[in-house]
Structure formats: C-alpha cells, structure tokens
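The same chain A turns up in both complexes below, where it pairs with chain B and then with chain C.
Let's turn to the complex of A and B:
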C-alpha cells in the first residue's frame, strides 16, 4: 500500500516537474553549456563549419585594444553607479521612513523609473542633456556655466550614462531598503534609547545599520550586476561611442556576436561576463556566511 | 527628523527624478520652433499636441507595437506560470527521486543572467528559420527559474493538512494542486506576474537580436527604430512616441502601486 502510494507520488512529481525541466534544459542549461563550448571555436554564423581554436579567443580578448576599453569602461561605470545608487536608495528610504506624511506618494515617485520603458526614458534624457537646446545646459547657463556636450564628448559620456543609471536604479534600491527597514523590530529602537542612544545618528549607527547589513549586501550585489549588464541606454543613446568611450561589456557582446556575427569570440566574452557575475555572487554568499558565523 | 525639512528635501529629490517625465510631456506638446529654443519654460506658447501625436499615430503603427508587447508579455507569463506552478508545487510538496538534483539545478539557474544563453539560442533560432517570429520573442523566456523558486518557497509554507484533506477526498495530485494549492497561491502569482511583465515589457537586448521586421516590433524596438530612422530632429514627435509607450505600464503601476512594489521587492532576490 505505502509502496504504491510512494510510487504514485513519485510519478506525480516527475509529471509535474517534467515540462519545466525540459524547457530548462532547452532554453537555459544546454545553451549555457553551448556558450562555453563555442568560446573555444572560431564559429561564425553563415560560414561553413568551424575549428577548435583552444584559448585563442581568450588570448585575443586580452590583447584586443577595443576589448580593454570595454572592460575598463564597464569597471568605471560600475564604480560610479553602484555606490551612488546604493547611497541614493538608502537615503531616500531613510528620508521616507523618518516621517509619516507623503510616504506613499514619494515612494511611488521614486519607484517610477523601475516601471518606465528605458528606451523611451533614455530618449527623454537625451533631450534634457542636449548640448545646445537641452534644459540642463540652459539652466547651467543661468549661472554662467557652459555645460558640456554630455553624451557627445568622450570625456563626459560615461558620467552622463552613469547619471541616467543612478536615476534608473535608486528607486529599486529604495524599495529593497524599505523592505529591510520594516523587518527591524521597533522595540530595538526603544531599547537603544534606554541605553542612551538619543539622537537619530546614534540610533542609525547602533540599530539600523547593523540590522540592515544583509539587506545592504543584497542591494550591493544586485546593483553591481545591474550596472554591469547596462545595455539599453547605450543601445539607444551612444552605441558605444563616441570613439568607444561608452563601449561596455554587454554592448560589446552584442556587437561582436550579432552585428559582426563572430559568435566564437562573442561567446568567449560571454564566458568572461558570466564568470564575473558568478564571482560577485560568490563573494556575497561568503560574506553572508561570515556574518552569521561571527555575530 | 522634523516634518518641514523632510518634506522639502523629499520634494526637491522628487522634482529631480520627475525631470525627464516632465520634459518628455512638455516637449511632446511643443511646436518645432519652441523645441529648438534653449528655454526653461515648460508650458508651450502654442500647443502642438495634435501635430506631434498625430505624426506618431500616422507614421508608425504604435498601436501594433503596444499590442505586440501585450501579446509577447502575456504569452511569456502564461508559459512561465504553466511550467513554474506545477514544478514549484512538486518540488515543495512531493517526495520523488531526483528532487534534490532538480532543486539544485534551479538554484544554479538563478545565477545565470539572461544574456548568457543568447548566442546559442540565436543560432538555434536562425537554423530553425524562427528569426522574425513571435516564437523567437517568446520561447527563450517560457521557463523562469525564478518563478519555480518563488512558487516552491510559497507552497512550502502552505500547511500539509490543507492538501491532505483534498487527497482524502480522493483527488489526484494534479487536482490537489489545481483546486486546493493554486487558489491559495494568488499573492505569489500576482507578485511574479508583475515582476515578469515589467522585465519583458522593457527588454531590449533579445528583441533587438531576433527581430528586424516592423510588424513584430515590441514597444521598445518601435521607439528605438523611430528615433534612429524616422524622427530625425523632430523631438516633439519623438517625445510623443516615448509618452505613448511609457504610459501603459506607468498607468498600471499608479493603479496598483502596492502590488507593484511588493512584486518588485520580492524579485529583488533574483537581481
């Protein structure tokens, strides 16, 4: 009897997971393994056959000047956008939680970029940042400042895209921090007050910040990965230009793989991208384990 | 913090965040001559809404793009739910050989960004003659490992007694799932639906790769194409197009704010 029930349960389990597992293999696991295999070939779409080239694609990645620019730009962009949008998200969340009026309204306003079509919003930013007719430079001119060619000069383009990136990510980080804040028990603030932590800064340092640790770690990981993946604003506004000054890793994968059809080379770059993303997540997991160990 | 400084500071920051929206709408109402003045005035002297929006509606099938977007996002969501709900249920509530391996595979899948399988999927689509089809837009996203994970966690928290009652009544496992577990899973389903639609409504990378035929453009592709090929320096019309494709999801958000924010917060785990 129980044998039969066990078999029936197992059968139901396989039938219910079967379709999902097949789709998982076809759309995710096999293609991901195929990318790794492709990275060791010179496969080009439309060319007959391919050859194994060992590590050639990877050594080309190391020597290719354009590739180095792309990686450096990605690193710079991440270094700019990640801390700024984490601080912005944290600041907005704390400001919203500090009082009772307008909570719902402001939360909605700051969240708006998350649900807005990035291609369309990038187009709006392009007008705002237009060097001659844009309102940003018109406003700067009121103070006698000649604004730069935000998206058109190679010195400013990463900063401008970074600005758009912070605008895009801050609201998302804010809701994650808000979720973390609501999980902090109210009694802890009362207890801290009894212990003499009177000011808002003392309460933040003694209660909020330590308990927000895991949330901030999560926010840092998410923001870093979102920044690395930046594609829409580049595809819409700069196409990697001017002079490759805004060339970033996912845009380069797109160009090499789907414009020049150099699939093998693009696959190698994809593998590098995957390894970077996995490394970031590994660091996060390690840090979480360490925290739970020592605290 | 005292009330007044907090509200002033929040309002200033809100103005900054809303800047692109305000200007997008303002420019979409302005005639060409006013668009090209470097002015800080938001209200047009002459309203040109009819010209700008009229040009967009005349020259690009924006309704078609929006419908494509709805159809693609709707299909993706339907497949994702059809795969993820049974799988999540089985992984949470049934004991069977291979369950541990499957769950480990799901967790592994959570780590892989969607850009990674793109090259082989593109090669497969090209070889199967599926470029420029709805299938190409939908198929790669039919499986959501995040969805499976989310439903598994949700069903795990559901009391066994509830399901056992159904089994005692003689239902088979599929009916228990559909008639007992599923009706209680609406919060997870809503959160997941919002996460999925927001992600795929805005997606540009994959549609840009597999579609170059106007009739199949998603809203994002439509705006990108209009900006690059048609609009030229007609910012009024360009902003009108941007307003029209941004409005549907923003309107949905404003109507169901709390659900949107919950859904996206839950999705934070995925990153």
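Let's turn to the complex of A and C:
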C-alpha cells in the first residue's frame, strides 16, 4: 500500500518536473553536448560534411594571436567593470535605503539601464561619446579638458566600453543589494547602538557589511559572469575595433563561428570558455562561502 | 455564439475560394517558389513593387517571400543554415561580395545555362560589365540586382564659409585634402573630411582600384595590392590623416557629425543617399558628386549592393526561379528597384533608355553621382577560399593603424600583404 503511494508520488514528481527536464535537455544539455562534439571537428557552416580533427582546434587556440588579445582585453574589462559596478551598486543601494524621499523614483532611474536594450542604446552612446559633437566631450571642454576619442581610439575604447558596462550593471546590483538590505533585522542595528556602535561607518562595518555577505557573493558572481560574456556593446558600438583593441572572448567566438564560418573552431573556443567560467565560479564560491556562513 | 458564427466563416472560406478561382484554372502550370532578401529597411518597398509587377505580368509562377533578414550577414547565415538543414529559398538576394562563397560551396546555381537559353544576353540588357559583377569564382554566381559605388557627399554651407566654391568640388585628392584643411580651419570642432575606411575592405579597394591596382594576382595565388598602386593608396590614406586632419571616426560617428553640419566632406556608398538626405533635412544644403579621380585611364571603383541567386534544388523550381530573377533584373524590375531605393540600375537598357528612369534622375539630382560612375565600376573583389571574410578584417585592422598613426604606410602595407598571404588557399 505505502509502496504504491510512494510510486504514485514519484510518478507525479516526474510528471511535474517533466516539462522542465525536457526543456533543460532540449534547450541546454543537448546543444551544449553538440558544441563539445563540434569542437573536435573542422565543420564549416555551409560545407557539406566535416572531418574529425582531434585536438587540432585546441592546439590552434594556444597559438592564436587574436585569441590572446581577446583574453587580455576580457580580463582587463572584467577587472574594471566588476569591482566598479559592485561598488556603484552598493553605494546606490545604501544611499537610496538611507534616503527618506524619492526611493521609488531613484530605484527606477538607476534600474532603467538594465531593462533598456543595448542595441537601441548604442546610437545614443555613440552620440554621447562622439569625439566632436558629443555632449560628454562638450561638457569636458567646459573645464578646459580636451576629451578623448572614446570609441575610436585604441587606448580609450576598452575604458569607454567599461564605463558603459558599469552603467549597465550598477542598477542590477543595486536592486540585489537593496533586497539584501531589507533582510537585515532592524534589532541588530539597535543592539549595535546599545553596544556603542554609533556612527554610520561603524554601523556599516559591524552590521550591514557582514550580513550582506551572501548577497555580495551572489552579486560578485553574477557581475563577473555578466562582464565576461559582454557582447552586445561590442557588436553594436565597436565590432572589436580599432585594430582588435576592444576584441573580447564572446565577440571572437561569434566572429569565428558566424562571420568566418569556422563552427568547429568556434565550438572549441566555447568549450574552453565554458570550462574557464565554471572554474572561476567554483573558486569564487568556495572561497567566499567560507566567510559568509554564520550559522 | 459559435453556432451563429460557423456559417459566416464557411461563407468567408467560400468567398476566398472564389477569389482564388482564376489560379485554380491554371492549376497544373502554376509553380510556387520562395524568395529571400536582406535589409528590408532599404529593400522592402522595392521588392514588394517588383513582386506585384511580376505577378501581374504572368500567372505561371507565384513567388512568396520568406522573412527578410536584417543584414547581408544574417542573410548569408540564413542560406548557410538552410544548406545544412535542406531548407533553402529558391531565390535569394545576397551581398555582391558574398556570392562567390555560395557559388564555391555549391549552394547556388551557375546561371550560365539559363542565360544561354535566353540567347543574346545583351539584348535583355545584361551587358558584359553588368554580367562581370556577378561572375565570381569562375561561375555566373548571380545577376546584380542593386549596385552601388562610392561617391562624395559635401556640405555646401561649410564650403562657402571656408571660401571654397561649392560648384567646383575638387576633382583630385590633392584638392580634397586642401579643402579639408581649409574647412577644418573654421574651428569649433568642425572636421574637413572623412573617408569611410572602417567596416570592410570596400572603401580601401576604391583607392586601390582608383590607382588601377588589384587585390590579388590574376591566378589568385598571391597578393597584388602590395605593389605601387597599393602603396600609393595607403600613402593617400596617411595624407588624409596627416594633411587633411581626418578624424578617426568609429561606427556611424561620421554620419552623425555630417548630419550635425560639422563635417565638410564624406566619402561613402551611394546607397545611403536617401538616409543621409533624411538625416540632414534642412540643416544645410547637401550635394553629392563623383569620387575624386586618381588614374583617369586605369582607375576603377568597386561595386557594392546585392545580387540575385538561385538556390533551388529542384530543376522545375529553378526554372521558375530564373523567370523571377530575370524579371527582377529586367529594365522594368531595375527601374522599380531604383525608384524605391536609390541604387544604380543593373540593366543596361534601363540605363540607356531615358523612358525608364529619365524623370526620376531629373527630379532627384543627388542620385546622379553614382550613375555617372557606372562606366568604371568593377566587381567588389571577394577573396577565394574559406578565409575570405577574415581577409577583409585583417585589412581593416591594419588600416586602423594608419588612421591612428601608429605605423607608417610602408610598414602597414607589408604587414597586410604578409597576413593576407597566409590566409589564401594553398594550392
């Protein structure tokens, strides 16, 4: 009797999770496996067949100059965008939380970049950062500063894309931190005050920051991933130029696969990319998790 | 509710059935084919007009469009994916420089047998230079449907302010560079000129072909752009930056500056005349003219635009597809295309006989610049082998070093030749 009930329950469980499992298999797992298989071939889009080439794609990757530039640019971009947008998100959240008026308004304003489409915003950015008619350089000129050629100079293009990246990510982080802030029990602040933590800095250091730990872990992980996989700002604003100065990994993969039609090589790049991202996430989670559990 | 609705729905079906009756009458001879094109923003009205006229002209072939792809690149991917999954449109309009890729991969048909069946191609308006545009990789890969060439755009108001005569646009690059310097001297963030070298190798080939040069040797085994013509081309680009003060505009920054009235001269495709005219509006007086001439005897200009190709697997459908391709590139078809886009006509009869487009050009003088250069148009060179697109990127990346003044023209040309050589097919 109880066995049959258990079976029924298991069946119901499978039935209920069925659609999700199917979707996961069809949309994620099988395509990912297909990419792994493709990585060992010389498949080109539009060619009738393909050959198995073993590890050729991976060994080419090691000597590929373009890929090296791309990895370096991505690393620089992540190193700039991740901390800056986390700090910006945290700062905005604290300011909004501490403020008494216009909370909803500011929340909406800073969240706007997240819901706006980069493809649509590209024209606006191109105009704002225009070397001669752009408002940003016009504003800098008021202070006697000759603004750079933001998107056209190979020295500045990564910084410009980074600033746009911070603008895109800060609002998202702000919302996550705001959620984390509301979960902090009010009594802890009262208790801290009784114990002598009077100033705002002491309150932040002793209560807010430690209790935000799990939130900050999530924010760091998400921001890192979002920064690594940056694609649309490059595709719409710079196409990796000038002279590969804004070439980043996902753009390179796209170029190899869809412009140069080398699906096999692009698949190999994707596999390596996937492994590296997973490794970063794992290390990050392990390292920080140790310091964020208080139970 | 449903009860009362059903009869009316049946009546509706009957009605549409009756409307379709004439078609049923010829049921055994009607062939339905599909067609595909890119850049609906530019081509939709032209394609719709051509389809309507084609259907009105005959009743044996019915064409329906599959969803238009936003760019030539998306269009190429659609065809390549279709080749892998067996879902190819029967007719496809592709960027002229990508036709070779499809012909080489056997995705589209060689059109020579169809042209041979028609007898004298020239009588249909397919003159030798027009056929040459679509002759790539040893095959008649396609027929040009819309052609463009680079032209000069200029701001008449800035010309006047700089003390230049807008009725006498410089006919040489020396004159352009000098004018650029004088316009730039107006100050206030006004730039003199922009030559649109980024994006792809098209505008670089305008300089190279302008000097009478070629991309590769005739046997396509080695680069040819590193000769005296190529060197003169990169040096000219270098002078535009050094002497003309040409800014390093990325993306559409040149269009933005021009529309804002802060750029004197701009050199890019005629395909944008309509768009630029709209963005300029009443800000200033816009004019267009031919490109400065480099070598009056040997100089040529590259051809951009789209070509019609047949990808049908089935022979009967391919024959039906040919009829549509022939119509789209006929004097009538090309006139509809020109009126709705601003590209150069691709049929010699429509070019020569004023009854097709005479009134259009009289009313739209900005479109004339490109047609005046039709005689010196030459195919947009597409490189052989599977690295053809990568070669383009290599060239753009190297030209960026001149625009940023990071390397001398000599070094850039040598590097470019070296890198492109490695990407050519080894035979």
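The working rule: the second predicted complex is superposed on the first by the 262 of 295 C-alpha atoms of A that agree within 3 Å, B and C clash if a C-alpha of one lies under 4 Å from a C-alpha of the other, contacts with A are read in each partner's own complex, and residues count from 1 in each chain.
We take it that a contact is a pair of C-beta atoms (placed from the backbone, for glycine too) under 8 Å apart; a residue touches a chain by one contact, two chains touch by 3 or more.
Predicted model only: the values in this text are computed from it and were never measured.
Enquirer: Aligned on chain A, chain B and chain C: do they clash or fit?
Expert: clash
Enquirer: Touching A:123 in the superposition: chain B (first), chain C (second), both, neither?
Expert: The answer is both, since A:123 touches chain B and chain C.
Enquirer: Check whether A:209 is in contact with chain B, with chain C, with both or with neither, and answer first, second, both or neither.
Expert: A:209: touches no partner chain.
Enquirer: If we overlay the two complexes on their shared chain A, which of chain B and chain C does A:31 touch? Say first, second, both or neither.
Expert: It touches chain B, and chain C stays clear.
Enquirer: Applying the document's definition of touch, where does A:243 land relative to chain B and chain C: first, second, both, or neither?
Expert: second
Enquirer: Who does A:154 touch here: chain B (first), chain C (second), both, or neither?
Expert: second
Enquirer: Output check: A:45 vs chain B and chain C. Expected answer is one of first, second, both, neither. What do you get?
Expert: A:45: touches chain B and chain C.
Enquirer: Between chain B (first) and chain C (second), which does A:133 come into contact with in this model arrangement: first, second, both, or neither?
Expert: both
Enquirer: Of chain B and chain C, which one touches more of chain A's residues?
Expert: B
Enquirer: Under the stated touch criterion, which partner chain does A:258 make contact with: chain B (first), chain C (second), both, or neither?
Expert: both
Enquirer: When you line up both complexes on chain A, which piece of chain C, out of 255-263, 309-317, 399-407 or 417-425, runs into chain B?
Expert: Residues of chain C that run into chain B: 255-263.
Enquirer: I'd like to check the shared interface: which positions of chain A are touched by both chain B and chain C across the two complexes?
Expert: 45, 123, 127, 132-133, 258
Enquirer: For the complex, give me every residue of chain A touching chain B.
Expert: 6, 8-17, 19-21, 23-24, 27-32, 34-35, 38, 45, 92, 95-96, 98-99, 101-102, 104, 106-121, 123-125, 127-128, 132-135, 137-139, 141-142, 167, 170-172, 175-176, 178-179, 200, 218-219, 221-222, 225-226, 229, 231-232, 235-236, 250, 253-254, 257-258, 263, 266-267, 270, 273-274, 277-278, 281
Enquirer: For the complex, give me every residue of chain C touching chain A.
Expert: Going through chain C, the ones touching chain A are 73, 77, 79-81, 83-84, 101-102, 105-107, 189-191, 198, 247-253, 256-257, 260, 262, 386-387, 389-390, 393, 396-398, 400-401, 403-404, 406.
Enquirer: Over in the complex, which chain A residues touch chain C? Could you list them?
Expert: 44-48, 122-123, 126-127, 130-133, 149, 151-154, 157, 237-239, 241-244, 255, 258-262
Enquirer: Mind listing the chain B positions that touch chain A in their complex?
Expert: Result: residues 1, 3, 6-7, 9-10, 13-14, 17-21, 23-24, 27, 35-40, 79, 82-84, 86-87, 89-91, 94-99, 102, 105-106, 109, 111-113, 115-124, 126, 139-143, 145, 148, 172-174, 177, 198, 201-202, 204-205, 208-209, 219-220, 223-224, 227, 235, 238-239, 241-243, 245-246, 249-250, 252-254, 257, 260-261, 264-265, 268-269, 271 of chain B touch chain A.
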